[in-house]
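Lettered A, B, C and D in written order, each chain numbered from 1.
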């Protein structure tokens, strides 16, 4: 099980105060905090092994290259990638999805084609497809959600009737916490002849992911949401798709030979890693993965689901609170509104008690329109959160209610 | 709790509950839209200019949009500039900005927003309606957003 | 002046041994080492202020946003940008140039147009333009270099006769050390109606850069070559150009409103910063800039030129050494070959004495073809290098000569 | 200096200076090109298969391309496989790889490359020619490069 007390000791920032209060960090869906081990790994890398990779004949450069490629192996194992050549390091989920849209999409989507996304997707898994479809004269079809915040399977089926070229969806919704049936959706999309892109930004940090079991074609995630440094992340792809795709960023590392007017490309994954790679990010990601693996992703998922259950239960006891998202199949994300108090005001008031939550559209405006709200407040949990944090959250929410009522009446 | 009390002063909570001039103005001679892309809040502003003064003014915010600060600020702004010349309104905006930037207190009820200074993340909420007013008076027609790298 | 002894103490990695020898790091054109101050800033950021930026209502998020935007101001001042909205954070030079090619280029270059680069450009300032020209049916024109390793101004003039849409060139060559007359080239290109892209990867670390004095339209540089973390860098652009350009990466942060089928864009520079930004990188870059400003970029440039002069002089005394690049207007980059010893062998042998140099094509294959070599050895200097380092270099090169001669005869 | 001496053994320096079978083979029945994109080194390999054995073999490297390790390795490889069947040649390649990976010493003069083990950055130099041979025998026609994430 998860020993939050011990874990909290690993995170230097949790010792800090927020407005004089114990820091109750509940914005983990936005970004996670970093354990000392990751910070030490960054410092150690720069103090012992830093060099540009892949081209140096000296020992330092070999060490940096080894560290970088070892991180690739770690990521490959972490998600059970098809092959380690199918792991492309990126800055994060957004870049991974844009890479697929810009390379695979531009090469394969044409006028009259359809691309499918869902109404619960994050802007990062919508806007790249909008841009692609506008450029190509293709149609973007947005699958509706059910009243309780799941992908509407009937509408998903209808969307597949257009034989889309590509289907994109989130494994876990950052706004609702919904855990989607990724393997089932992928199977249906494949049966319709589509290539599938799974947005893993909210799944990789929180549950055991196996891309081969999902069976998708592309899977993108961000390191910064899973204890790793900002600027880390990866796109996982079937190698044969990467082989056939045109490059994305032109530059150093990704070429085989450069003529004056044309070039040939390096092998995958290097073909997609133009420019000096962020070795620090890869090294930090590998350490973060090791940290999570040591806890066990199954335990991480269970811990967060448990916290979400408690939070839903306790918040529901407050009159005027509305909670969004499904009752079960929910990850550690709890979105809510409280009477007519605007979420932004709620976040400000909670912050005074050291409770950090997010208020807004959470980069899911299409979803907000369907929920009929301009914004929600969102508490999202991670390995260092405990039931005390939920008590602080609930107490601060009650205070906000009092403040608005007491002073306003 | 004292600084929260200074942020959510009685007059602000009151204008949030019952915003003044909360109406569409079909006779408006100037219109502007304001956006706060950070939180998705939006305001529609309607200004009726008669000769050299603002003879009427109204605003709307889409359902559920508009936090207490932005709604109260819009409401108090409309009260403050009604009947004023554009130049006087712009001068008030300047005074309001100066206050948010840490300068002297703005005149009249606008002083209620001095507590916002202690909440940097809310300054854009307080200034949203004023930016829309400025755009309407300049008659640029472009929607304005508070997400500018350089000012608030 | 530059006090290398004191500076060396600021760089933890310089205390390490390379194969039992004092580490003589002479591969600074590939990447620089990091001072403790930058490592501390990274650790401090994650231990005190880490949060996702631009959307949080709580204090932590405000601090992270402030740190990120303060770094933008620091970069803006560092290069004398046209405006701080004209500073787009990128992963590095390669991404910056690809952003211009993918956004400005796709929107403005059409069939029959010409794009001009130079034969001394890095692959990162060639391949993106090749890809663009191939996609658009445009012509890529490569300006020749003179015998002593400068841009051939006569050929540059001829290239401009085609009225190119865009002219790209490096301020400083990473393979030759040539410091190009950037302001003059820009003026000529502008007179021909072209937009100009300056590759600043090798200038920002080493000399005082003022983009307004250069007068170019776009300027890209990498943080990792100038003491900052990997994954940091910026594209500097004229704001009015950025305003008119389509976005690059779709996703969070860069939107104003997202409809089901289309979106409107956030203000610049945010329009070009889709996805969670790398706050750590920006914070580290700002600290690196402060470190360099404290030394004074003029002193940095002088120090490196001095070292280059000494290195050229000392290496020239060895029979069989050929040095490439111009005699003057040379930055701290010294490329050479030694008889028929392959540079790769040279680098291996030098490494055994703790001397780290680069051997290869340095991502400039078109240039290598013109020099008539497959590869060169390259020593490149930075603020922590001193004359002792050059003595180690020269001694190791002599040893290599002996090894190959003695054992081979 | 001892490990440098083990890397640059006399036989390697000798084959670097005077590479054997350093020739274009117009009668070649199989050809392959090898690339080391890390350093830009390239090799052209020509193989003449007669019945079930390699009756002749030659290689070329563009002017200035080919470090001592890659050139000597190509030279010694051609000597080692001439007259052999493709299967025997592939077995030698396997033995050579095993040695570079830290296993048993490869037979004959190929043992001279055991010192490469201590120089990870040079392993791809030593294996370049062998990869080209493998490609020629497989007759894939594709240029091979050593820049594979998975093997050397």
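Heads up, the rule we're going with is that a residue touches a chain if its C-beta (ideal position, glycine included) is under 8 Å from a C-beta of that chain, and two chains touch if they have at least 3 such contacts.
Just so we're clear, the structure is a prediction, and the values are computed from it rather than from any experiment.
Colleague: Which neighbours do subunit C and subunit D have in common?
Modeller: The common neighbours are A.
Colleague: If you tally contacting C-beta pairs, which comes out ahead, A-B or B-C? Let me know.
Modeller: Answer to which pair has more contacts is A-B.
Colleague: Indicate the whole-number Å distance between the mean C-alpha point of subunit B and the mean C-alpha point of subunit D.
Modeller: 75
Colleague: Taking the mean of the CA coordinates per chain, how far is subunit B from subunit C in Å?
Modeller: So the centre of subunit B lies 45 Å away from the centre of subunit C.
Colleague: So the centre of each chain is just the mean of its C-alpha atoms; given that, what is the distance between subunit A and subunit C in Å?
Modeller: Those two chain centres are 31 Å apart.
Colleague: Mind checking the centre-to-centre distance between subunit A and subunit B? Centres are C-alpha means, answer in whole Å.
Modeller: Once rounded, the distance between the two centres reads 36 Å.
Colleague: Which residue numbers or ranges of subunit D touch two or more of the other chains?
Modeller: Residues 38-39, 121-122 of subunit D touch two or more partner chains.
Colleague: Of all residues in subunit A, which are in touch with two or more distinct other chains?
Modeller: Residues 55-58, 61, 255, 257, 344, 348, 359-360, 365 of subunit A touch two or more partner chains.
Colleague: Could you please specify the touching residues of subunit A with respect to subunit B in the complex?
Modeller: 341-345, 348-349, 352, 359-361, 365, 368, 372-375, 403-404, 407-408
Colleague: Residue numbers of subunit A touching subunit C in their complex, please.
Modeller: Subunit A reaches subunit C through residues 12-13, 16, 18-19, 23, 25, 27, 30-31, 33-34, 38-39, 42-43, 46-48, 50-52, 55-61, 91-95, 97-98, 101-102, 119, 122-124, 126-131, 133-134, 140, 142, 222, 224, 229-231, 246-252, 254-255, 257-263, 274-281, 344, 347-348, 350-351, 355-360, 363, 365-366.
Colleague: Where on subunit D is subunit C touching in the complex?
Modeller: 1, 3-5, 7-8, 10, 13-14, 16-17, 38-42, 62-69, 119, 121-122, 125
Colleague: Can you tell me which positions in subunit D touch subunit A when the two form their complex?
Modeller: Where subunit D meets subunit A, its residues are 35, 37-39, 120-122, 143, 145, 147-150.
Colleague: Which part of subunit C faces subunit B closely enough to touch in the complex?
Modeller: Residues in contact with subunit B: 54-58, 61-62, 66, 69, 72, 83-85, 255-257, 266-270.
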